[in-house]
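Two complexes follow with chain A in common, the first pairing it with chain B and the second with chain C.
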Partner chain A sequence: MPKLIIDDIPVEVAPGTSVLEAARSVGITIPHFCYHPALAIAAACRLCAVKLLDGPVKGIQMSCALPAQDGMVVSTTDPEALKMRSLVIEWLMLNHPHDCPVCDEGGECLLQDFTIAGGHSRRRYQGKKRTFQNQYLGEGIHHEMNRCIECYRCVRFYQDYAGGTDFGVMGSAGRVYFGRFQEGALESPFSGNLVDICPTGVFTDKTGRFRARYWDYQFAPSICQHCSVGCNTSPQNFERETIKIVGRRNDQVNGWFICDRARFDKTYLNDPQRPREPRLDGATCGYDVAVDAAAKSIREFVRQHGADKLAFVGSTRLSLEGMILLAQLADAAGGARICYFGDAGQQQGSMAAAKLLNEENTAYVKDIEQAQWVSLHALDLMEEGPMLALAVRKAFLAGAQIFLVAAEALPARDVLPFKYTSVETLNQVPFEGGGKGVIICGAGSKDPDLLAEMASSGAKLVMLQPGPNGFAAALLAQEHGAAPLKELVAARQVRGVVCFEADVPEVLLADVEVLANADWRREAVTDTSPIFLPTTTWVESDGTAINFEGRAQRFQRTRIAGLPLKGLDPKYYGSATEAVSLHPPRVHRKEVPGGAERDAWRVMAQLIERLGGEPIEPLSGKWSSLKSLDPEGEGVRIFEIGLGE
Partner chain B sequence: MELPLFRHNRPDRVVTFDEYREEGGFEGLKKAFSGMSPNDVQQAVLDSGLRGRGGAGFATGRKWSFVPRDLPGPRWLICNCDEMEPGTYKDRVLLEHNPYSLIEGMTLACYALGVRHAFIFIRKGYEKAAANLARGIEEAKQAGLLGEHILGSEHSIELDLHLSAGRYICGEETALINALEGKRPNPRSKPPFPAVKGLWQGPTVVNNVETLANVPAIVANGAAWFKGLALNPEGAGSKLFCVSGSVKNRACVELPIGTTLGDIIDGACGGMRDGKKFKACIPGGASTQFLKPEHWNLPMDYETVAKAGSRLGSGGVIVFDEGHCLVEATLNLINFFARESCGWCTPCREGLPYVKEILTRIENGRGEEDDIAILREHVKYLNYTFCALAPGAMAPLDGLLRDFEDEVREHIVKRKCPLK
Partner chain C sequence: MIPETLKISLEARVASAITAREAAVDVMKELQAHYGWLTDEAVEEAATLLGLSPLQVEELATFYEMIYRRPVGKKVIHVCDSISCWCADCDKIIQYLKDKLGVGLGGTTADGMFTLIPCCCMGMCGDSPAMSVGGTPYGRLTTELVDEILEAERHKA
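Let's look at the complex of A and B:
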């Protein structure tokens, strides 16, 4: 463990730690642009200069590229180091357009921060500024090359980290240009990370430009709900609208980055057409009126047909809290049936995965990255868990062999960011050194023999789940004996359903009566259900999700529910009692326009009460250790808290 | 005494394979393959005191000795023929007259280093040299002096010619390696040094054309003979000086190491042009400081020139007379370096155009007193760049401010170039 002194502070760090990171460990931020912990060292910007006063190396050195060694005496405030850093800023400012007021990065710009920190303030250069032509890079990213400070982060991420080939660096000297050979949409499904990784405003999120400044945003730690990987995100909200979604670091899951679906697929959250009003028989009503009606309808149905003819249907979109209370609600209704899955194959695959996995055989993302071979079994990785493709790429770059099993029909196999060998069956994958291998399996149904074969291979396993909270659904389906809805309907065992964020296929609706539907999006059942109860989305609610590896992660409410202020119907401007609406609004309203949504699990709790039950605290009993889960932490694998079996 | 590099040269054409052999060519190769071990060859080069002729002047034998011999996998030798230092054209003259010394020298270096496959990285514009080399490689192969089982031994050595698009930065050995691998020619960070991790992550030696072309004579005649070629006791061998600028005969000449500056200009080049007075010269390519009239009798060797505050560099001597404006000359050089920066690190990419802008203003009579201080800042802080390009670019500016500050100041005070 090297011991060194940085600005008179003794520091001890792990071998191989850079002086920059060693300084950071004691709270000293050495300014830097090209350095990024997820990328290889470039030492290109030369901003992180420090002076070594004593020890094995002396003089001005770049702290990002200098491994900490015993006996180093480092000064970050030496006049020579300060001068170097101020000159680097001056050099970078020769051509920077200084257009911060009209730059979407302003306020969250590393270049702004370190320019102020660098101490350069007076322009001495008398020459002209260099300018570039910008490119159209697709609907996600806006390109503004004049702002570039040539830190090479974008190209190092895009090509080296994400394996993209259609974006790179061209030209030399003062004319280096970061872009595509020809204008056009970026091809990489990870291109959105350019927005996060660019230290200035060359790449900004086109889907949320000029809407708000960084300090305007409401943020909270969240978990992406697009697939079962559970990447950590920070939705940035302004006036009840999710403007941008950025990646949030979690080294156990997604590292620093997120895929483009997580970042750009957000219009549904802000959609003014989202069903936001509770409805009873087609007419808008108060929320409690709708809940009362639902309870009444449930009681009536149970009295007529018996509780076993009624199913409470959830889905893998529900939070863990919702899934737990769904079971209690079915119980409160007199022992109704529970469905977490619509499809039998999906349920079988999901439950088999949850049953097979344990602390020993479940791969961490690090296991994928360090594997000697990875076998992708019957899955479209770019669809089911794009961020894992980057983990596989890391293994590939380190020399691992990648096999694609039975994947001939997959559409996205050509865009996988690594080279692979196609094989027919798992048998053809050479299992030597099984302990350092990883098998990644899709969410579909799984043959028991195949699972046994995978389990005995000695490889670590990744079993992707259908939907963001599939693992939890499988655990609860196991616990409560839940059945797939399609099966129950086909066997005529169920005649009525109450849906909570359930994706009920339209074909089933001919055979069952929908008593009530609670959801945040319009589904087939939304229009046929006599009672509709609007619920909150994941950005508007607190909850817990369990990802593919059994990692429970907490997401927090990032903004209140309601219609976005932008584009708000003028009918909301005035008071409810006055005929003429005023603009701008001159009356304070007590309710948020379109903000009637409630969290699904709270609606369940209210129904339980109405049905005469005592709603439980969702994360109690065996789940109670998840109650204190830190939303900013790494999450916890349920095996570690004894919940796996 | 006959100097090794140019002794086969014909004035008007390239030497033929047969002529080269008749005049003692490939004797070094034969000697090495009949009784010298690879270690003996390396030792001979080490003892000869041969120093890298590309500009840095690092001892060639020592460079070879850094290559680990116990690593699995192939080792590589690359000949750096990306000659782009302004004022330097020695490799071109050498190869356009005689490709065989280089081919023989590379074969010997491969033998000494245990390399099976070597590359010649040759820049654009050197098509004639490349054609000579291509033909020479073929002839050497036909004669069993290259390729499979050289001279019937178990040693096989491949030599490949790589025609590069050519940029100044490709002369930097790690950038050259990147270029050869098909990547952008940005320099790599060191360590690891190429001797340990170079081409395709294998141990790699990169040597200049002139350096390698010296090896056959060293092996054939012995290290002591080579050392004895120099005129000064510390020196070793001969050096190609390519003289340009204000001399009567601008030429590339081979002279013993230790020849004085005055002897190069007055002797080999027939003196100053039109009887002009010698004002200054750049001794070893654009990235070296100026030498002044007081250095007229300076023996041209690595150590002696370094003591005089400059570098022997590549041997590209650019001579200025009293009528030349050194601000303009420096600006011309900075212009080149600013253009040839690879664009990787900030000080080089942005600092050189900054210097260029200031020098342009000074030369055009729009200089300001503060400019000299800004230039001095650049001379100091452009040392902290990723590779040696910008520090090299600052050498003539450093020399200008050190030895000719009055001339610079005169530009600023008179608000015009005093020599125009």
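Let's look at the complex of A and C:
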């Protein structure tokens, strides 16, 4: 373990750690652009210069490319190093257009920070600046090449890390250009990370351009709810609108990056058409009126038909809290049935996976990255867990063999960022030393026997769940004996349903009576239900989600619920009777327009009370250890706290 | 479209390389010789031959100064403006070439004979100032010598 001294602070770091990282470990940030912890070292920007006063190497050195060694005495504040850094930043800034006021990166720009930190505050260069033609790079990303400082982060991420081939660096010397061969949308499903990784405003998020500055945003740690990988994100909100979503580091899940679905798929959150008003028999009403009506309707139904003819239907979209309370609610209604899944195959596969996985056999992302072979079993990885494709790519680059089993069943549209061998059955995958292999499959609709066969192979397992919180749904379905809705309806065991964020197929609606529906989006069931209770989405609520590997992660409310101020219906602007001028509200009101939504689990808790049950804290009993989960931490695998099967 | 014979010989060249990328420069040069410059079509053909994306070929094509991504004259003059030639007053030679040919740097003469491009050292520092015309290197240039060279190159095949 090399021991060195940085600015009079003794530091001991693991072998191979760079001086820059060693300094960072004791809280000293050395200015840098090309260095990024997730990428290979380029030493291209020359900004991280430090002076070595004593030890095996002496003089000015680039700290990002210099491994820490015993006996080094490093100064980050030596006048010579300071001078070097201020000249480097001045030189990097020569061609920069100084257009911060009209640049979307302004306020969250590494170039701004390190220009100031580097001591360059006055422009001396009076010559012409080099300029470029920008390219159209699709609807996600705006290109502004003049701002570039040639750190090569974008191309190292796009080609080396993410395996894209349609974006790169062209030219040489002062003509270096980062772009595509011809204009057109970027092909990589990870292209949005260019926004996060560019230290300045060459790549900005087109979907949220010119809306707000960094200091305007409201944000909180969140968990992406698009698939069961559970990537950590930070939705940036302004005036009740989710403007941008950026990746948040979690080395156990997504590393530094997120896929484009996580980043750009957000219009549904801001949609003014989202059903936001509680409704009773087609007319809007107060929330408590709707909850009272729902309780009354449930009691009535149970009295007429018996509780076992009633099902409380959730889905994998519910938070863990919602899933727990759904079962309590069914109890409070006198022992009604519970459904977390619509489809029998989905439930069977999901439950089998949750049952088979344990601390020993469940792969960490690190296990995928370090595997000797990876077998993808009839899996549309870019649909079911895109970020894992980058982990598989790391293994591939390190020499792992990748197999795609029964690939013919998959759509050919997605290009995987690694080479693979197609085989017909799992038996054709040569398991050599199964311990260093990883099998990745989707659990939904898989035969439990097949999943068990995979589990018995000795390889580490990744079983992706159908839906973001599928693992939790499987655990609760197991605990409470939940049945798939389709089965219950087909067997005529259920005649009435109460839905919570449930995706009930339209065909089932003919055979059941919908008593009430709580959701944040419009489903077929929304129009059938006499009572509608609007709920909050994951950006507007607190909750817990359990990802495919059983990792429980807390997400926090990132903004209050309500209609975005932008495009707000004029009826909210002033009086309903007088002429409306398009000016923000002059009439003060206590309620946020369209802000009646409540978290699904809170609605359930209210219903439980109305039905005569005790108010319940969702994360109590065996779940209580999850109460103290840190939203900014790495989450915790439920096996570690004894919650798995 | 490249002729089938050229295609077959290039495929053989790529097949004999340990990695396809290593044959990229050869392939680009051959295609350039065929088209006169490396056209967009040629970039895409090179990409197909090498199993790379057009962008990846473009990255290489735009890096090397002897791969021309724009139309050039029959013979390209690379005149060195790097430090050794600069010490030997290449500025005078460059100005003379510009005046004589009636073009700026990067320009092609009206008769389509010459394209004038600056280059950054061709390893002839001992014979500076230096230039190459249509691939033939010339050193110790004077204005008189430039006249002679251009005249000779104009009539040489």
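Assume the second predicted complex is superposed on the first by the 629 of 645 C-alpha atoms of A that agree within 3 Å, B and C clash if a C-alpha of one lies under 4 Å from a C-alpha of the other, contacts with A are read in each partner's own complex, and residues count from 1 in each chain.
FYI, contacts are C-beta pairs under 8 Å (C-beta built on N, C-alpha and C of every residue); 3 or more make two chains touch, one makes a residue touch a chain.
Bear in mind the structure is a predicted one, so any value in this text is a computation, not a measurement.
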item	value
Clash or fit (per the criteria above) of chain B with chain C on chain A	clash
Touched partner set for A:M84, first chain B, second chain C, both or neither	first
Partner chain(s) touched by A:M145 [first = chain B, second = chain C, both, neither]	neither
Chain B versus chain C as contact partner of A:R124, first or second or both or neither	first
Contacts of A:R180 with chain B and chain C, given as first, second, both or neither	second
Which of chain B and chain C A:T165 touches, first, second, both or neither	second
Partner chain(s) touched by A:A49 [first = chain B, second = chain C, both, neither]	first
Touched partner set for A:V73, first chain B, second chain C, both or neither	neither
Doubly contacted residues of chain A, that is, touched by chain B and again by chain C	169, 171-172, 175
Interfacial residue positions of chain A with respect to chain C in the complex	165-172, 175, 177, 180-182
Touching residues (chain side chain C, partner chain A) in the complex	43, 52-56, 58-59, 62-63, 65
Chain A - residues contacting chain B, complex	41-47, 49, 60, 62, 65, 83-84, 87-88, 91-92, 94-95, 124-127, 149-150, 152, 169, 171-176
Chain B to chain A touching residues, read off their complex	167, 169, 184, 189, 338-347, 349-354, 357, 361, 370, 374, 377, 381, 384-386
